Amino acid sequence: MQVFFSIAVDALAYGMVLFVISIGLSVTMGLMRVVNLAHGAFAMIGGYIASYAARDLGLAYGFAVILAVVGTIIIAIPLERFLYRRIYGAPELTQVLMTIGITFCVIGIANYVFGPTLKTIPLPAELQGPVNLGFRSIAAHKIFAIGCGIAVALGLWYLIERTSFGVKLRASVDNTAMAAALGVRTKIVYAASFALAVGLAAFGGVIGAELLPVEPYYALRYMVTFLVVVSVGGAGSIPGALIACLLLGAIDTTGRYLVPEYGEFFFYLAVIAIVWIFPRGLLGRAK
Amino acid sequence: MKKLILAAAAAVLISGAAYADVIKIGVVGPISGPFAIQGKNFKAGIDAYIATHGDKIGEDTIEILYRDVPQADPAQAKALAQELVVKEGVQYLAGFYFTPDAMAVTPLLQQANVPLVVMNAATSAIVTKSPYVVRTSFTTWQTSAPMAKIARERGIEKAITVVSDYGPGVDAENAFKSTFEKEGGSVVESIRMPLSTNDFSPVMQRVRNSGAQAVFAFLPSGPTTLGFVKAYNENGLKDAGIQFLAPGDLTQESDLPAIGDSAVGILTTFHYSLAHDSPENRAFVEAAQKAIGNPAELSFPSVGAYDGMHVIYKMIEATGGEQDAQKAVDAVKGLSWESPRGPVSIDPETRHITQNIYLREVAKRDDGTYYNKEIKTFEKQPDPGLAAAK
Amino acid sequence: MSAIFQVDRLKKSFGGLDVTRDVSLSMEKGDRIALIGPNGAGKTTFVNLVTGHLRPNSGRVLMGGEDISRFNPMKRVRAGLVRSFQVTRVFAEMTPEEHVALAILQREGKSGRMAGSYHALPEVMRETRAILETLNLVALAGIPVSEIAYGQQRLLEIALAMALRPKVLLLDEPAAGVPHSDTYLIENALKQLPDDLAVLMIEHDMDLVFRFAKRVIVLAAGEIIFDGSPRDVTQDARVREAYLGSYAHASSAA
Amino acid sequence: MSVTEVSNDITDAFPLRRGWQRDLIGVGIIIIAAIAGYFLFPNNLALLTRIIAILLLVLSLDLVTGYCGVATLGHAALFGAGAYAAGIAAVTFGMTEPLSMVAIGALAGAVAGLVSGVVILRGHGLAQLVLSIAVIHLFHEAANKASAYTGGSDGLSGIAPDPILGLFAFDLWGRTAYVFGILLLVIIFAVLRILVRSPFGMLCRGIRQDPVRVSAMGASVKASLIKMYVISGAVAGVGGAFNAVSTQVVGLDSLSFTNSAEALVMLVLGGTGSLYGAFVGTIVFVWFEDIVSAANPFHWLTIVGALLIAVVLFAPKGLYGTAVTLVERYGRGRK
C-alpha cells in the first residue's frame, strides 16, 4: 500500500511538471494547428533568462519567473511576426522543417551565449529540501510544481472557455475567414495566443528546471516527450492534456519503479496502446 | 585511368610522409551537439599541451584537424576518419569520446598505417581491436572497481547498484559488483535505467526500500546527473544515511557548479581531479583554463587529451616524422611520465594507461566553489576490465 | 424481372434520434430514380448506410439477391455499388486521364501492378479515351485536375463512376456547385450512362430531376413518403406539404 | 472534331514518352555525377558513400511520405533493421558475402516495414507522428537490450565483408564501396521510378490526395499503404545493409529518432513526392553539413537551422519542387 502511495505521489508530481511544460504546445498545436517543434526552445529560453536573473543577478525567484515569461514573449514576438505567420495553415511537414530550423538556431545561439554547461535556477529557501509526508518525503519544489500545474490548468480553462478572448480564439481557429468577417482581428488573436503559448513554455521551463535541467540541448532532448504528451491528450484540449500527463506520468513512474530495465518499452507500448484506442487523442477535437 | 589515380593518390601519401614538415593529427570528437562540452575539453587539453610544449618537434610542425561527431555515430566517425587519412593525410588519429566511434575506426588503422590515440572512450575492449590503439584516458572498470574496495573498507555489507542501461553503465555495474562480492559484500539489487530517464524519484524509492547501506551509481556525465543527485537528497536517502558511491563521471567539475550543495559528501573514485595537488597539474589547469575560455567548463576529458598529445609527441620523436604506425606504437609501450593526474605509464601489453585512481569527496571551498577533494590513492592501477572479459 | 438492388427496412438512429426509419426500396436494371427531400431528410445518411460508411441499426442491403449488409464499403464497390460525392473528391495533382485509367485498372484488378504503365495497355487507353470523349473531357485530359473548372471536375466524377462499370450507381447531387448555365453539361453526361445501369440520383435541381427520373422517391424526416412517377409527385399532398411548396405550383404551371 | 484529331490531342497533351525520357536523363545524370564524383573527389569517397546510404533511406521515406502522405518520424527503424540484420548475419552467422548481406538487409527492412506500417497506419496526422516516434524508440531499445547480438551501445563492430564477387575487396579509399553503392543506387532508383509510374504508384498517389475517393473506387487504402511500407522497408533495408557493408560497423544511432528526423528534414528540404527531391535534399544537406561543420564546427548548427528556415521562406515546396515550379512557370510564360 505504501508502495502504491509512493508511486502515486511521484506520478502526480512528474505528471504535473510535464503538464506545465507541455501545455503551451497543446495551445499552438491544437488551437493554432502549428506543429511547433521549437516549443522546447522557448521553454529553454525561459530557463536561461530565469537562471541569469536569479543566479547571476541575484533577483528573487518570483521576479525571475516573471522576467523569464515576459522576456521569452518579447523574444518570440518578432519570430511570430516574421516566421510563424508564414506557416499558419501550411502543410505539417513545412511546419516541421521551419520549427526544427528555429530550434537549431536557438540551440546554436544558446551554446554561444551561455556555453554548454548546465544552468540552475536557485530556489528560494521555502522550496528547497524535502517535505515529510509521513510515509515518505517529497521535494518541496515538486509540491510547488503540482500547485502551478493546477493553477495553469484552471486559468487556461477559464481563459479559453469563459472569456471573450477564448471565444475569439476558438472562432478564429475554426474558421479564420468567418471570424475576420465578424470583425475579429485574427492576426492579433493569433499573435496573442502564440504569446500565450510561448509564455506558458517559458513558465514551464522555469518550473520544471529541477527535473529537466537547462542546457543548450534542452530544446531537442525533451521535444519528443512534449510531442507525445500533447498528442496523447488530444491537441488543443486542456483537460485532455492534463489527463494525458497524469496518465503518462503514472505509467512512466510505475514502469520505472517496477521494471526499470524495461521502462522505455513500458512507456512507448503504453503510448501505442492509448493512441490505438483513441486515434485522436484522449479528448481530441475532431478536425 | 584508374591506375593513374591510384598512383597519384599513393604519390601524395608517400610524399606526405617523406618530406612533410607539417605533421597532421586528426581529432574526432563531439564538437557540437549535446556533448559539445567534452569536445571543447579535448581541444582545451590539446591546446594546453601545444601552448606549453610548442607546436614543433624537431623540424616538424604539428597541425590539428578537428572533425565533429556530435553523438555516438560509428558510421559517421569512420567516414570522417577515412577522410582524414585519405584526403588530409593525417599521420595520427586521436580523440574519440564514444566507444562505438573508436571501435568503428580500428579496422582502418592497419591499412592506413596510422596509430589511434583514444583520449576518452572508456570501454576496455577497444585496445584489443587493433595493435595500433593506445589509450590515455581510463576505463569504466578501472575507475569503478576501487570503489567496491572503499565500500568494504568503510564497513558496507549490502549495496545496491543503479546504472544507466548502456555499455558503460553495464561495465560499471559489473566492475563494482564483481569486486564488491569478491571482497565479501553483497549486492542486493542491480537496477538499470533507460538513458532517457528524467525523474529519478521512483528509483530512489526502490533504493530506499532495498535495505542497502550504500548505492553505487553510474550515469553519463551531463544533465541527468543533476537530477539524479538531487533526487538522492530530496527522497531522503542522504538523511537516511545511505552512502552515495560513484565513479567520477557523476561529479565532473563542469557539472559541479550546477549540482552544488547536493553533491557535497558524495564519494567518487576517478583517475583525475582538477584539484590534484602537484606542480604539473597547476601548470596544466592554468593553461587549459586559458585555452577553454570559461574555466568552469574544464573537465576530465581535457587531461586525457593532454596526455594523448604527450604520447603523440613521443611517437613523432621516435619516428622522426616518418609515417610508421608500428614503430610509433612500439616507442610508447612502457612509456612513463608525470601527468597532471599523477604518475602514469602505458602498459606494454594492453597499450592502456596505468595510473593512480583516487578516492575523492565533493567539498566546498571557502569561495563557494566545489571541487573533488582527493582523500585516498590507489597506486598504479591497470585496467581490470580486460582480465574480467577473459 | 428480379431487382438488381434492394434496400430492406433500413433503420438508423443517432442517440435516440431516428434519422432513417424503415426505408425500403428496390431498383431494377435501367432504372432512373431520383431521391429528393427537404434538407435534413436523411438523404446523405441514407447514402452512407447503403454504401457501408455507416452501420445501420437494422435492415439489409441486397445486390442481385445477395446480402451485402456485412460488406465494407470497398467490397460493396467491388460488388457493383458505386457512388459519387456531393462535393467533388478528385486527386488534385492528377490528370483526368490518370483518374479514369486508374478507375479502369482498379476495376480490372490491375491497380496493384508494380511495373509498367497504363499507357502500355491498349485496351485501358482505348476505354479511357472513349470515356473522356463521351464526357467531352478530352481537351483537358492532360491537365492536373486542380487547374480545371469545377463543372468539369463534376463531369470527372461521373467519368470515374462510368469507368468502374457499376451495376448500381448512387449520384449524390451531381449538379451541386455547378453554375445553372452549365447544368446541361451534367445532364448530357447523365444521358450517356449505360442503359442497363440502375441509377439513383439525389438532387435539388428539380428541372434536372424531372427530365432525368422515371421514378421519384421522396424522403422526409427519415421516411419514404412517396414513391412513384414524377408526374404524380407534384400532385401528392404529403409531398407538397413536406417539401415542394411553391416550386410544385411553378412546375405544374410550366 | 474528328476522332483521330482527338487522340492526337491526347498524346500531345500527355506524351507518354516524356516521363520516361526524364527518367533516363535522371539515371544518366546520376551515373555522370557518380563518375564525376569519383574523379573529382577521389579523397572524399567515404563521404560520398555515406551520402548514398542516407539517400537510400530518404528515397525509401519518400515512398511513404511523398507518395502516400504518411507522416513519420520513425523511418530509421527500417534502415536500422537492415543494417543490424546484415551486420548480425556477418558477425554471428558468418555470412560475409556482401550481396547476400544486402539481400538479408532488404528482407529485414521489409519485415520491419510491415511491423511499423501496421502500427503507424493506425493513426492519422499527429497521432501517426506519435506512433512513429513510439515505434522508433521501441526498435532502438530492443537493439540496446539485445546486446549479445547487436553489441548494444558499443555498436556492432567486426563486420568484415568478403570482396564483392570474390574480386573487389573493400579498401581504405572506399572505391569498392563507392562503386558498389552507386550500382545499388542506380538499380534501386530505376526500380522505384518504374514503381511510382506503375498503376500501383498511381494508386498510392491517389491515396495521398484523397483516400476516401480511392476506397470509393473499391481499392483498399490500408492494404496498399502496407504494401508500400514493405517495399519502402526493403529499400531502407538495402540502405542500412549497404551502410553496414561499407562502414563495417553498425551503431544504435542507425535506429534513432535523430536519424529518422534528419531523413525527414532532408526529404522536405529537397521536396517530397518525386524521388528527385530526395536526391537534392540529401546531397545538399549532408554536403552542407560536412562543409560547414568542417569550416566552423562550433557554430554549424546555427547555420544549418538558418538554411532550413530560408528554405521554408523562399522554397516552400523544397528545393527541387520549387525549381520545377519555377521552370514550368517560365516555360508557360514563354508560350
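In this document, chain identifiers A, B, C and D correspond to the written order of the chains, with residue numbering beginning at 1 in each.
Note that in this section a contact is a pair of C-beta atoms (placed from the backbone, for glycine too) under 8 Å apart; a residue touches a chain by one contact, two chains touch by 3 or more.
This structure is a prediction, so every number in the text was calculated from the model and none was measured.
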- What chain sits nearest the middle when you go by CA atom centres? D
- Relative to chain C, largest Cα-centroid distance belongs to chain B
- Using mean C-alpha positions as chain centres, tell me how far chain A is from chain D in Å, no decimals. 33
- Determine the centre-to-centre distance between chain A and chain B, using the mean Cα coordinates as centres, and give it in whole Å. 36
- Message: Quick check: how many Å separate the C-alpha centres of chain C and chain D?
- Response: 41
- Message: Nearest whole angstrom, what separates the Cα centre of chain B from the Cα centre of chain C?
- Response: 73
- Message: Residues touching two or more other chains, restricted to chain A: which are they?
- Response: 111, 264
- Going by the touch rule set out above, which residues of chain D reach two or more other chains? 141, 298, 300-301
- Who touches whom among the chains? A-B, A-D, B-D, C-D
- Query: Which bits of chain B are touching chain A when the two form their complex?
  - Reply: 32-34, 36-37, 40, 165, 191-194, 196-199, 201-203, 205-206, 209, 222-223, 226-227, 230, 233-236, 239, 254-255, 257-258, 260, 294, 296-297
- Could you please specify the touching residues of chain D with respect to chain C in the complex? 3, 6-7, 9-10, 13-14, 16, 194-195, 197-203, 205-206, 209-210, 212-213, 215-220, 224, 227, 231
- Task: Quick one: which bits of chain C touch chain D in the complex? Just the residue numbers, please.
- Result: 51, 73-75, 77-78, 82-83, 85, 89-95, 97-98, 101-103, 105-107, 110-119, 129, 132-133, 138-139, 141-143, 160, 164
- Item | chain B partner contacts - residues on chain D that touch it in the complex | 39, 42-47, 49-50, 53, 141, 144, 147, 151-155, 157-158, 160, 171-174, 243, 247-254, 258, 293-294, 297-298, 300-301
- What does chain A use to touch chain D in their complex? 29, 35, 83, 86-87, 90, 92-94, 96-98, 100-109, 111-112, 224, 227-228, 231-232, 235, 264-265, 268-269, 271-272, 275-276, 279-281, 287
